[in-house]
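Some structures to go through are shown next.
Below, chain A partners chain B and then partners chain C, in two separate complexes.
Then we have the complex of A and B:
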């Protein structure tokens, strides 16, 4: 298998896809308008954002206790809880549970956590057919086992809550044999009052008053619905992210997708170049957090942003996405510092910092750089830069630096009367 | 008032006219301008590209260069945001505890409207002008309508409105090189919107974004010029 390309390379086919570009622009415009209208109806959206953030911060601060409470409530309601440290373990658990229920096929509506753990591949390898129900696939009539994601879990009651547009998860709730729900650790909230807050903010943020289909399920009910309920709680890098003072903010994410629809980069590339399972600004954070930055593709994700800040402005739980991206960029760079031969960029950045930390060196470099750049000028502009800087002048001119810098002008001007 | 100018390295080299315009404007309004000569760069590029240890050295240098100045003005919104919002983060990330408050840097339009309380600076500029709210001015600093209030008070100036004005131009520092294709896709749309408003001049409070937008306008031989807002406000019709 060839490794996934870096974001810049992966974005090229999308940028050249006329129909995709138009569809993305239309979707984004529509989502932005719906969100703006839904939010404008509220008397105090900023207060709701602050409340949503507070709920998540409080939860993450006591995540262990909150998850234990959730486990007790799920068990009391007749369910079983399974803990998975990583994606592979989570997938194995689901396969084992499905096989134990005697399933030759499972219904599994699309969910990012299922993609995250690579469930389809694991089930198929075990000879279990996956029905990816959703927009264009019917719910399989004979399915006896279903695997779902979830949006929020209430620790107090052990209740799972899914917010949907179409109701694919809802149809899974009546399978006879086993319902297996997979969730990230961070999707828990302490109690029903917290759920109320996030239901509002997620719905509004997604451009609705309330999500069209809200489903809730708790454990096992005798004589109704599935005979067994399993909850698979996935860590897969979340505990590590939680230990990072800045990066942990990303665990507040409630998956409303508002940041995707305001992102100028996502609007032009769509989800593909981000790789699965998360796309857009939050994907550029979560994928490196969950999978690390060892691969060139994952290491390129935190750089796939202009840091324009549109995402942070809309996020219903106030995640400062640009700040987290910048921190992740630092991690990517730090991971490369140890290389025996410095990357050209590291050498350049070090030299620049050495020059800029001394006014005399700075001024000498300013003089030299200006002279060099002025030699490149043709017809009052710079139309071609050499080397790696050439990607700028592929499509953009550069102004010619004037012979006299500001500081030299200031000095020449002398003392004012 | 004695005002210290932080010109920003980018302007120092590529757009000295912007620095001269700030000096001319502030002096015309009756203030004394100082230029602390130890100033170099705020460290923005190092910080946003992930070179955090190097950025810390520059943040410390900045604080030293501007020590003792209590009114600092810069014609770069992104540098103002870097100092005000990021310097403390940079120093904490470098392991410093008890980080002192960053020097009080104002972006030029904030300084004019909020500190000096002026919107009519006595400028004249008889052209059709579009204002591009850069991401750092609009979002990071919350400049709001201050730049527009200043522009509306300029004699002879006709404002042109850019559609989808608040969308990023795609510059993003090293993003413009690392993700050049996406960056160009963004600036292509920005320039299309600008040209639909048919201005003579596009102005903003970040010359870095203007170099990006202007670079695309120039490549297209559009005839539309870019100019820092300060250079419009410094104009007295001469």
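Then we have the complex of A and C:
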């Protein structure tokens, strides 16, 4: 398998597709307008954001206790809890549970965590047909087993909550045999009172007063829905993100997608170049933390931003995305510092440090640079720098330096520089 | 060592000394609308109608007649009712077959369903079903036919926090706010969405 390309390379096809760019811009503008209207209606929006942030911080700093409490409540309500260390183990667990329930087919509405664990491939490989229900696929009438994601889990009561537009998860709650719900560790909240905050802030961020369909399910209920309930809790890099005291803010995310639609980068590239279930600003801080920055593709994500800060302004749980991006950029640079062959950027920075720390070297470089720059210029602008430096001029022009530098001009006035 | 132990161990290692730090949640957001009962009711009617859902406000003695009229105007010949639906609601029906919902039976697409609800939210125009008396199992309200929902005026909470406090989390809850919509920017009604909703608010 060829490695996934870096963000900038992966974005080229999308940037060249004018129809896609227009569609993305329309979608984003519509989502921004709807969110702005929904939020403007609430006089207590800042208080809801502060509460949402505190709820998730409280969750994350007590995550072990919170999950143990959730597990007890789910078991008390007649459910079973499974723990998965990584994507493969999570997918294997779901396949095993579906097979044990005798399912030849399962209903599985689209959910980012199901995409993350590669569930479709694992089920298909095991000979179980997947019905990806949604806008263009009817819910399979005879399905006896369903696999869903979830938006929130309440540790106090073991309750799962899904916020939806189309209601496919709602349908899954009526299958007769088994319901298998897959969740990231961070999707839990401590108390039922926390729902009153996040139901509002997630819905409003998505441009609704309340999500059109909200379903809550707790264990097994006699005479209503599946005979068995399984919850699969997935780590898959979340504990790695949790270890960074700044970066762990990314785990506060409640999946509202508000940051995507205000992002000038996402609006032009769409979700594809992010190469992960989470795109946009949140994807740029989640994916490198969950998967590490060893691959060039993941390491390029923290740089896929102008740091304009619009995402932080709209986040309903106050994730300071630019702060985390800068933190991750530092980590990427640090991770590459020890390499035997330095990266071009590091080599240039070292050369710049060598030049700029000595006045004679600096002046010599200035003279040489000015001469070369004036040779390269056309009409007062430099459109393309030679060699590796050309990457910088791909998206920018450079003004021509003046024939006489400031230092020369100053000296000619008869003063010492 | 199980995966459970390993995951919990990783969490404890990741948090280090920060583990267990207490975080106070500032709950100074709005819990109530600060409006009288009549204003809360009026807001609910306005918001439900704003979603394109037909809604009528009737007195207690008018409910059976209003329900019969709603069914008659749509030429409904057969309705399915959940266990525990007050029989008085159906007292004025004439020429309409009343079938009790039986778990395990395949729902007929064309059937109309009459239910009560567990709570409602004025600010968002939401009705909440929780499988309690007169509401039925989840599958009952998932057919594409008409869903006639009766809301008692005193079931209407002003805000989401009020409604959350009134509901039992252990019950199978469904919150419905306007019609379900297809994904994407079109905001078109979902082609496979559940029943069309009609709401009758009854004064107590």
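Operating definition for what follows: the second predicted complex is superposed on the first by the 362 of 417 C-alpha atoms of A that agree within 3 Å, B and C clash if a C-alpha of one lies under 4 Å from a C-alpha of the other, contacts with A are read in each partner's own complex, and residues count from 1 in each chain.
Methods note: a residue touches a chain if its C-beta (ideal position, glycine included) is under 8 Å from a C-beta of that chain, and two chains touch if they have at least 3 such contacts.
This one's a predicted model, so the numbers in the text were calculated from it and none came from an experiment.
Engineer: Looking at the overlay, does A:64 come into contact with chain B only (first), chain C only (second), both, or neither?
Structural biologist: In the superposition, A:64 touches chain C alone.
Engineer: Please work out whether A:12 is in contact with chain B alone, chain C alone, both, or neither, and reply first, second, both or neither.
Structural biologist: The answer is first: A:12 touches chain B but not chain C.
Engineer: Contacts for A:228 in the overlay, against chain B (first) and chain C (second): which applies, first, second, both or neither?
Structural biologist: neither
Engineer: Enumerate the contact residues on chain C facing chain A in the complex.
Structural biologist: Residues 2-4, 6-8, 10-16, 18-31, 47, 103, 121, 123-126, 131, 137-139, 142, 160-161, 164-165, 169-185, 190-194.
Engineer: If you look only at chain A, which of its residues touch chain B in the complex?
Structural biologist: Within the complex, chain A contacts chain B at residues 7-8, 11-12, 15, 264-265, 268-269, 300, 302-310, 312-313, 323, 326-327, 329-334, 345-346, 349-350, 352-353, 356-359, 362, 366, 369-370, 381, 383, 388-389, 391-392, 394-399, 401-402, 404-407, 409-410, 416.
Engineer: Could you pull out which chain B residues touch chain A in their complex?
Structural biologist: 7, 9, 11-17, 19-20, 23, 27, 35, 37-41, 43, 45-52, 54-55, 57-58, 61, 65, 89, 93, 135, 139-140, 166-168, 170-188, 211-212, 214-216, 218-219
Engineer: Where on chain A is chain C touching in the complex?
Structural biologist: Interface residues on chain A, with respect to chain C: 26-27, 30-31, 42-44, 47-48, 50-51, 54-55, 57-58, 61-65, 67-68, 77, 83-85, 89, 133-135, 138-139, 154, 156-157, 159, 164-167, 170-171, 173-174, 185, 192-197, 199-200, 203, 208-219, 221, 223-225, 233, 235, 239-240, 242-243, 245, 248.
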